[in-house]
């Protein structure tokens, strides 16, 4: 089984999820003589929704890049990888719901934890897919540096670890948890850039 | 007519259906001093919706894999197959509605039966497509083992048979019907794995 | 400019439109002691919505096949065709709205006329694209039989003519108009099959 | 990194955004003895929604053509371009929200300004991507005329300039602002056609 068909299907899901996020942002319904001011206030009150849209969009883009990077390293696919990929897509396709939930209830612990939980599950299923492809089934193209696999694996796990940390924070206060969610894309991208500069690589899974 | 264009169009529909399922899960609207507890209760009450999301997602993935397996066996396509495929996609694209219906009314017989009915129709149209390609129009690549076609055909029909059984159960009680719906993906995947091990095959339409 | 990129983009829009149709069918909200019966009645009352879903699905499939047939005849594309195609996609992507409108108000003249009007516009823009490619810009591959182009052109116009007839009927009574809408896919497919049998062709834009 | 995967992902997002626009147009809910007249009045009152649908559809088509034109000029892609493209897609995928907002509140300054602001951001991120590819990272295929790049760059900036002008107008009156929004696609297409005729080119980014 070639990797092409899994990549095309996954790319479709990535593109659709990223575009569906906006459908959870509804136009506020205001009426009456004070409509202008009410519309302005409604839009300002929707700020958490806009932020949670941007946040999910960026994280899904990071996963999209990492997904391509992973499949670029593989020489073939098998049924195990196919189902692990379906598990990852199941979590990925679910993201619009916790994104909207946290956007509507940024002060509610359960909403903020739900967001982190779905992100953790998506991250873990992605890590599982990487682990399976690298170390369980022999799917990696010959000649790939084992140190590169190890770094990709470590990077893959840093996402779930950070999201779990944010969930732990949310039990005390939702604000630092959201701040950490917002920082994760930055924490994710910057070290890999540094690392790349050190190692002089030209290709990396974010 | 090559099979490439049908596959690409079907893959698009598969990817979109699987991703649209989440749009039927709406963020609960709670207010007042008791909002935190109400939100928690609402999310717990939404459990059937989450389960029916997972269920439909997995079954659509099974069909996606089976669809690729089918077209992999064909040397070409014709107008009959094209329209049978459209009929299958019509049922497939309709799945988000009964999924949401059963998620909202897991105790209502008509909702549980509707879910099974759409799944049965989708399964039958898929079986019809397989039957047409294998035995009516001569579309199979030369050299494919007839025993393989027979097994694929039988497997294809086991889905509708199981869904019809679940519908019959739903007339007495919706809970065992839902339990059977949930068991179908497992019943579908496990025997084909066993069978594959016995026959030593490397490729199968689940 | 090759035709590949226009085809891929159009195929994406076709696959999405066909899948979005179901989102306009909302799960009925019933409550109280009489919920089971109310749910059953609601689903039966939704029959026009289901029929209008099937109707639009089939017509979009017919266009999808015709679109591929058209581009299969072309040797290249140009900016004029690109924009005529965008105009067609604009009408196509709008179809979910009149489909839902007619599904909600099958007895209202304006709803039934709106449906036919959008279908007429989509059909005319498709015919315009065909006319432009065949007779205005010289985009047809060499060696294509002019009689084939003429038949495709005539078939292309039969859709708008039939939809306009249905609109005219709707001014008197919406029921025969809807019946004609439902008959159009059949009227469209059958003669082209007959014609193909007579001419012994193997390829046709339905 | 080849440009193919970025183009396929972007094409997916383009096709989905353009098709999702219609989901923001909801079927009006009317009842009672006066339903026919009420439905007619509702549909007429929805005219701004239909216009804002057409407007956004056409502008996204212009960007789609320009996007292909840009990537057609490039020999390769890099991580910087990848992230600038993600930023552009983030703005692009957000368009259905301000489109629906302006469609619902065409007389409200904040709604009309929001529409222009998102269009300006999308346009600027597109210009940034062009600037980066042309002048920062050396991504252009050898042999491309620098004058062509300069014209594409200038054309790219005319969009944001026109949208900012419309925003400025909206502070005084929303009607001329909307008129300018509607004129932008025309202002965009016509000069580039003229220019192309003068320079005798056959390919151009809108």
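The chains carry the letters A, B, C and D, assigned in the order they are written, with residues numbered from 1 in each.
We adopt the following convention: a contact is a pair of C-beta atoms (placed from the backbone, for glycine too) under 8 Å apart; a residue touches a chain by one contact, two chains touch by 3 or more.
Worth saying up front: this structure is predicted, and the values here are computed from it rather than measured.
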> If you check the contacts of subunit A and subunit D, which chains show up for both?
Replying inline: none
> Which chains lie in contact with each of subunit A and subunit B?
Replying inline: none
> Where subunit C and subunit D touch, do the two copies share over half of their residue numbers, giving same, or under half, giving different?
Replying inline: different
>> Roughly how far is subunit C from subunit D, centre to centre by C-alpha average, rounded to an integer in Å?
In response: 26
>> Quick check: how many Å separate the C-alpha centres of subunit A and subunit C?
In response: 37
> Residues of subunit C that touch two or more other chains: which are they?
Replying inline: 12, 16, 20, 23
>> Going by the touch rule stated at the top, which chains touch which?
In response: A-B, A-D, B-C, C-D
> Residues of subunit D touching subunit A in their complex?
Replying inline: 1, 5, 8-9, 12-13, 16-17, 20, 23-24, 82-83, 86, 89-90, 93-94, 96-97, 100-101, 104-105, 108-111, 114
>> Show me the residue ranges of subunit C that touch subunit B in the complex, using the header's touch definition.
In response: 11-12, 14-16, 18-23, 25, 27, 35-36, 39-40, 43, 53-54, 57-58, 61, 64-65, 68, 203
